[in-house]
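The two complexes that follow have chain A in common; it is paired with chain B in the first and with chain C in the second.
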Partner chain A sequence: MRGTLSDRMGAALLMAPLLLFLVLAYAWPFLGVVKWSFTLPTPGLGQYGALATDALVQSVFIRTLRIALIVTVVSVAAAYAITVVWVRGTPTQRIVAEFCILVPFWISVLTRAFGWVALLSNRGLINSWLQSIGFISEPLTLVRNELGVIIGMTHFLIPFAVFPLASAMRSLDERVLLAARGLGSSRMRTFWTVFVPMTRSGIIGAAMIVFVFSLGFFVTPAILGGGRSVMIAELIYLRIFQSPDWGLGAAISVVLVLFVGALMALLFRYVKPKQLV
Partner chain B sequence: MQQPGRAAEIKAIGIGKSFGSFRALDDLTLNIGRGEFLTLLGPSGSGKTTFLMILAGFVQPTEGKLFSDGVDITERPAEQRAAGMVFQGYALFPHMSVEANIAFPLKVRKKSAAEIKRRVAEMIERVGLKGHETKLPAQLSGGQQQRVALARALVFEPGVLLLDEPFSALDKSLRGQMQAEMKRLHQETGTTFVFVTHDQSEALALSSRVAIFNHGKLLQVGAPDEVYDRPANRFVAEFLGEINMLPLKGVKRADNGATALCEDRAITLRGKTEAVNGNAILAIRPEHMSIAREAAAGENGIAATAVGSTYLGAATKLDLTTRQGAKVTVSVPNEVAAAALSKGNSVWLTWPAEKGFLLPDGG
Partner chain C sequence: MPTYRPGPVSLILAVLVALFLLLPLLAVIPVSLTPSRMLAMPTGELSLRHYRSLIEDPRWLDAILLSVRIGIVSSIISTVLALCFSLGVWMFQPRFTGALVGFVLLPMVVPPVVSAITLYFLLTSISGMSSFFGYDTWLGVAMAHSVMTVPFATVLILVSLSQLDRRIDLAARGLGASVWERATRIIMPNIKFGIVTAALLSFVLSWEEIGVTLFITSVNAITLPRLMWMGLRDNIDPAIAALSVILIIITVLVLAVRTVVTRQRAGH
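Right after this comes the complex of A and B.
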């Protein structure tokens, strides 16, 4: 950060409303959650002890990590392909790609989740089409399981992975790619040995954003998982709103926030914030 | 390392390139000899870089043919042309070490690990990068990056090395050093070098031949002294360095030259002169004119008044005005300039007959 003292004070003043909002709407209430985790139902570290032994909580944690990991790999790979077209395609290709990236932002996450149910359910569009052409006799189980959750989340998160990738691809020096080809490298080889490694910071940034988002997903897994593929956010919801077990719910929340915080710290060691937009 | 016989000979025939309605290159025909050091010189937008990109295969010409050692390569994609290229800004692979950058073209060509190791080490030694093998480009100075770029472009022994303003980012002293180094590499490898620059002194210092471009046209090709001393037109004359222009009247071709009137004094020109009769322009480089007390009979000379001077260290640039108002600049020893300015300012300008040349009037 450069700039004079008054510049910096001006910047601080401009950011103040956001900071105030974050403190009032997130930090302060979260301190309450931290307090619950140590006090409910009885004061002490009991809830954290339970976390370490509760088989259900652990299986949900592992499932959440597994889903987040798969969603991250698939979303970043798909986003990479779309971004290449968006940044380096012909003018028409660019417009189409931009449309595909922006439209999902205009449709609510709930609408999209139900849209996927309509497509993927036993009597949904995909199964009835596959049956009508005689490709399958029994419907495939595409939803109300982990697969449905992964499909829905991936679809939601691809646009978020696009922006850090686009930023990395736009800042790449075109001449380096020409140099590779001039030195005898085919287009394919240039892509894998020069283009992809040079957009590494974008890949790391995109993966981190998608992964962190995935960890806290609620609506999509709740609808497309059909209660059979519970992720961590849904578990917190169940503990707090359905079984009056606020202490455990709070403890899970605290662990999740700490985990995400550690991941973000790791991210910013490798990638500068400005490379993510 | 390389036999001179492996250097490529390139023929460009009627090459043209249009970008939409913009004519970047027009009907260019040029032979680039085996192992020569050809410089493409011109202002920006003159078509020199477009031609280099066509040679590299990054740009497809709209018309014309390109031959390398007699084989038509007009349609051949860049990766199959095997031309080494050094880009403006070097275009090194930022994620690869110096070694990996230089090894890249050899790996692409699937050379054995042992051969790659040997040739990379040889090249690193040759360009003086020993001790920097494992560094990333960002950890190197501009001059060192330049050496990596040269090493990477030469390591696979290309038939031709293309250089796009490689020294434009270097400071002056480093520039001189790198120019000398490039000249040495050219002699050692024997490869054909095609070098793009807009710096005329660089072009004259380095090349075996210079090709001067303007507005998409190739204006003249020739050895440095040839284009400097006998430019084909006014643009070439002015682009290659400072030049004085004096209007001539009554130009008549004569044996081995021409005669004419310059400010009412008879003068002679010697050497090859284009067919000009009547009015023309006499062009003379500042360093070819001298100051005299008077011109002897039969000697080329006109009267002028010294009006100012610029001290350049080794010499002084003296500004003069002729009787008919033409402005002339000469480069003379410092004491001559001082004397000319002190002596009532009225002097004679003289020049040898073979140093002046004719340009068409207005051209």
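Right after this comes the complex of A and C.
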């Protein structure tokens, strides 16, 4: 059935426009960025050498990895807690949980970051309230530092961690859990020794997605970090627009893509793409 | 038959997470009602002045109209391209399908900031050739948004095609239907829902897009998220709170309608 000349023509005609569009508007300019990293300001490997030695760049890399790790652990744990109820709860509990997951998911990253500013800033909800009950006299510094960035990113990424976890929990055979309970295992023990190990692929998938996403995060750290807790993506932005050093910005981008690509390759060795949705 | 339900500890933890998820969305409501010019909690009287400024200040209205225009154009581009591509994949199952689909999904998995610098390179290169299509133009933004949304549209259309029964297409083919007839009269009517969803999702993603937009606009093509960003970074404008409240209400309404509709469908 397949492989006749007209079939190949048809497939080519239908698939070509999108492929052509992405080659011209994405692949080609990406090669241009790679070229920048080798040619600006002077041809050679100078920018990559600078990456290896520049103290600022390295401290930003390390901060990015640290924040991404913390955010991954916290988001996956929090997502796990709410996913259990979304998948295994009573019908009413399920609807409420779904609502709490999907409403933030669909609201833009800017609105969500702004919500945290409104809550955490010096004259925000939490500080005003703590001051009005006399618990503190000076406002606590909750944003424009790393804490604010971690809170905002965790909030953004929890819904993304929910989907692979839910997929793993749905495919789990309920009878195994009932058997464990029936044989006298406590709720806690059933959860930790049966339920959690059986959702391992979901946990790995969720952790990988959150970690990869948080490496390239830009908007939330820029707003909640207030320029003090710069992450790698914001550093690229600053190198392109503020201290025009396109070569270095491009070199950081190339390294970031390679790093994320390696992580994705690792992910797909353990988890099939279908288990992630 | 008994079922395995979450216990009290699970429920308490889930409630805490739910509160964490909803808290920042609720926090913008009091801020939006403050009479003050700056970000602050209302200390007595409430005011709707920030909602009024959304209508009266032309900057907000211009940004909303621009975002709608860019959203519609980029959604049409990405839905049409994704539909043709997916039809080609489904009808002809060419060799290297996996690699080609993987290539199309790249803008979705590459870190957004890298896509942003890539599209910045593209549009600044085009700027030299044409003044209305390059950096800081609405057409340039629409094209960049199409690049970013087309993977999502493709995934949605491919998923709805994968649920389609191949035999109806084989029957049409056996009865002598041309490729065009099979695509437009047999396949597309059956994946209508997927196509519409792809177009809507592309629009929403473009409407919210900020990471790439920030790199490719400066003073002319100010989309709504770009204007919010400017207001958030410099001197926090409570009009953003009013706008956020409106956007949150729309989201909640749409999700509520969707829940009701899917429950009714499941009921029948």
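Definition applied: the second predicted complex is superposed on the first by the 251 of 277 C-alpha atoms of A that agree within 3 Å, B and C clash if a C-alpha of one lies under 4 Å from a C-alpha of the other, contacts with A are read in each partner's own complex, and residues count from 1 in each chain.
In the analysis below, contacts are C-beta pairs under 8 Å (C-beta built on N, C-alpha and C of every residue); 3 or more make two chains touch, one makes a residue touch a chain.
In this text the structure is predicted, and so the values were computed from the model without any measurement.
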* When the two structures are overlaid on chain A, which partner does A:200 contact: first (chain B), second (chain C), both, or neither? -> first
* To do: Please work out whether A:25 is in contact with chain B alone, chain C alone, both, or neither, and reply first, second, both or neither.
  => second
* To do: Could you say whether A:219 touches chain B, chain C, both of them, or neither, answering first, second, both or neither?
  => second
* Asked: Does the superposition put A:136 against chain B (first), chain C (second), both, or neither?
  -> neither
* First, second, both or neither for A:184, with chain B first and chain C second -> first
* Looking at chain A, does chain B or chain C touch a larger number of its residues? -> C
* Asked: Who does A:173 touch here: chain B (first), chain C (second), both, or neither?
  -> first
* Asked: In the superposed view, which residues of chain A touch chain B and also chain C?
  -> 178, 181, 187
* **chain C to chain A touching residues, read off their complex** => 2-7, 9-11, 13-14, 16-18, 20-25, 27-28, 30-31, 39-41, 81-82, 84-85, 87-89, 91-94, 100, 103-104, 106-107, 109-122, 125, 143-144, 146-147, 150, 154, 179, 204, 208, 210-211, 214-215, 225, 228-229, 232-233, 236, 240-241, 244, 247-248, 251-252, 254-255, 259
* Asked: Touching chain C in the complex: which residues of chain A?
  -> 2, 7-8, 10-15, 17-19, 21-22, 25-30, 32-33, 36, 78-79, 81-82, 84-85, 88-90, 93, 95-104, 106-119, 121, 123-125, 128, 155, 158-159, 174, 177-178, 181, 187-188, 191, 212, 215-216, 218-219, 222-223, 232-233, 236-237, 240-241, 249-250, 253, 256-257, 260, 264
* In the complex, chain B residues that touch chain A -> 56-58, 77-85, 87-89, 91-95, 104-105, 108-109, 152-153, 156
* Of chain A, residues touching chain B in the complex -> 173, 175-176, 178-187, 189, 193-194, 197-198, 200
